[in-house]
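As written, the chain order gives the labels A, B, C and D, with residue 1 at the start of each chain.
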Amino acid sequence: MEKITRFGVSIEPDLLEKFDSMMKKKGYSNRSEAIRDMIREHLIIEHVKDPCAEVIGTLTMVYDHHAGPLVDRLLQIQHDHYQEILTTTHIHIDHNTCLEVLVLRGETQNIQTLADSIKAIKGIKHGELVVTQRSL
Amino acid sequence: MEKITRFGVSIEPDLLEKFDSMMKKKGYSNRSEAIRDMIREHLIIEHVKDPCAEVIGTLTMVYDHHAGPLVDRLLQIQHDHYQEILTTTHIHIDHNTCLEVLVLRGETQNIQTLADSIKAIKGIKHGELVVTQRSL
Amino acid sequence: MEKITRFGVSIEPDLLEKFDSMMKKKGYSNRSEAIRDMIREHLIIEHVKDPCAEVIGTLTMVYDHHAGPLVDRLLQIQHDHYQEILTTTHIHIDHNTCLEVLVLRGETQNIQTLADSIKAIKGIKHGELVVTQRSL
Amino acid sequence: MEKITRFGVSIEPDLLEKFDSMMKKKGYSNRSEAIRDMIREHLIIEHVKDPCAEVIGTLTMVYDHHAGPLVDRLLQIQHDHYQEILTTTHIHIDHNTCLEVLVLRGETQNIQTLADSIKAIKGIKHGELVVTQRSL
């Protein structure tokens, strides 16, 4: 079991009230949990600024699978980077549109470059990368 | 086949030069493709501001599967929202850490609320939502 | 004097350690202050999502004052919105380049529209809006 | 007078239509101007990622001038960094609340550190930094 420590926060009563109300709106039942999540979020934002940090990323992309040699290009680039791509999830959104989510692992800068080069493929209509940390 | 139209852009030569160099760095071989991607990105940002827009989302989250009743809570909430959750991908990052990616579909505001309530579960260490459009 | 209340946060020791180290890096000498600032930041992000919220904004823009009728357009649009523009600061960055910062006050949606219409003026090279809350 | 060059963009008609409609909504009367602004925005985002880039920043902050030694601390830190702070604009928002906007100039990393240390002062309720480029 993990050990738990405690610290106290002094705060203006009306700021605490607003925090409690936002917390509830977001579905938290526990102040400590909400504070810990805010802390983790800030740590991640700082961490992933370092281009050499080891991170996990997910690249979400939308494309039309009829778009010429797109699927071949995509497969090739994914195989060239098989060590950084942990898995691929593919959803058939409608007759033409595919959603694909890649889970990536590596240094921030490599993950970013890989995501950029995939997003640049002709036919990829939108791509967005989320980067997070493995251990928090 | 899709029909293609053309329009001209007038631009200062040194701005174009900088654009070409950024484009190359990002892996684009074609100016039109880079411009189209920028346009789509801006359209998506505008579109998803509308709380009633129909969108696709991916929620990336990191958690420790040992964390008490987390896995049960997560399963339950996912079943309660089976109509909005298209698929779930689970990666075993290390002995303790799980990465899970949910693909969501629905109105922006519902997707946002669902993501918030999942992120608020005790034990979810980080959650980040990407929202995109189905057709672009 | 403002009244102060206190609450306790339970947290894993290594997460607290990382938080303390980030806090120090950012120049905080006091945990409560860092936590309060995180809370306020999150409240502001939620608050300004409401298009009818009363907010304060600053629009930072860069332009070349030689760019034809730009200065006239800018003056005119500012006078048309004198009730929303509290003040303008102008810096001569170099021989050609101006930096101008407008402080705006009004509903989020109006501030946003005003900022968009200024950014769209031919010759404005970059414009970025920050929106914050009056009372926190 | 600046020299102007031209290039053509090939695009799907319905994507162009959506772009024209967003452009109009944002107040642009000219497609080239809208495209140039998107290009500049992307270049700035890339540029300011470099910690050693020379940038211009504006720090917007909200505080209560009654908050103990805040005003002294703020003045001292500003004088310690007089070479990076080009100007300060102060607005009396209401009886208690001040809005202050600093225009900063220097390397991204120094500007960021200075902004962090100001935001960390007890009594600063919110601070947000916008970073832009001098020449575009």
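In this section, a residue touches a chain if its C-beta (ideal position, glycine included) is under 8 Å from a C-beta of that chain, and two chains touch if they have at least 3 such contacts.
These numbers were taken from a predicted model, which means no experiment stands behind them.
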Which whole number of Å gives the spacing of the CA centres of chain A and chain C? 26
What whole-number Å value describes the gap between the mean CA coordinates of chain C and chain D? 8
Chain B touches at least 2 other chains through residues 25, 40, 136
Is the way these chains touch best called a line, a ring, a star, complete, or other? ring
Those chain pairs that satisfy the touch definition: A-B, A-C, B-D, C-D
Touching residues of chain A toward chain C in the complex: what are they? 2-13, 15-16, 18-19, 22, 25, 31-32, 35-36, 38-40, 42-43, 46, 136
Interface residues, chain C side, partner chain D - complex: 25-30, 33-34, 37, 40-41, 44, 56, 58, 60, 62, 86-87, 89, 91, 93-94, 97, 99, 101, 103, 116-117, 119-120, 122, 124-126, 128, 130, 132-136
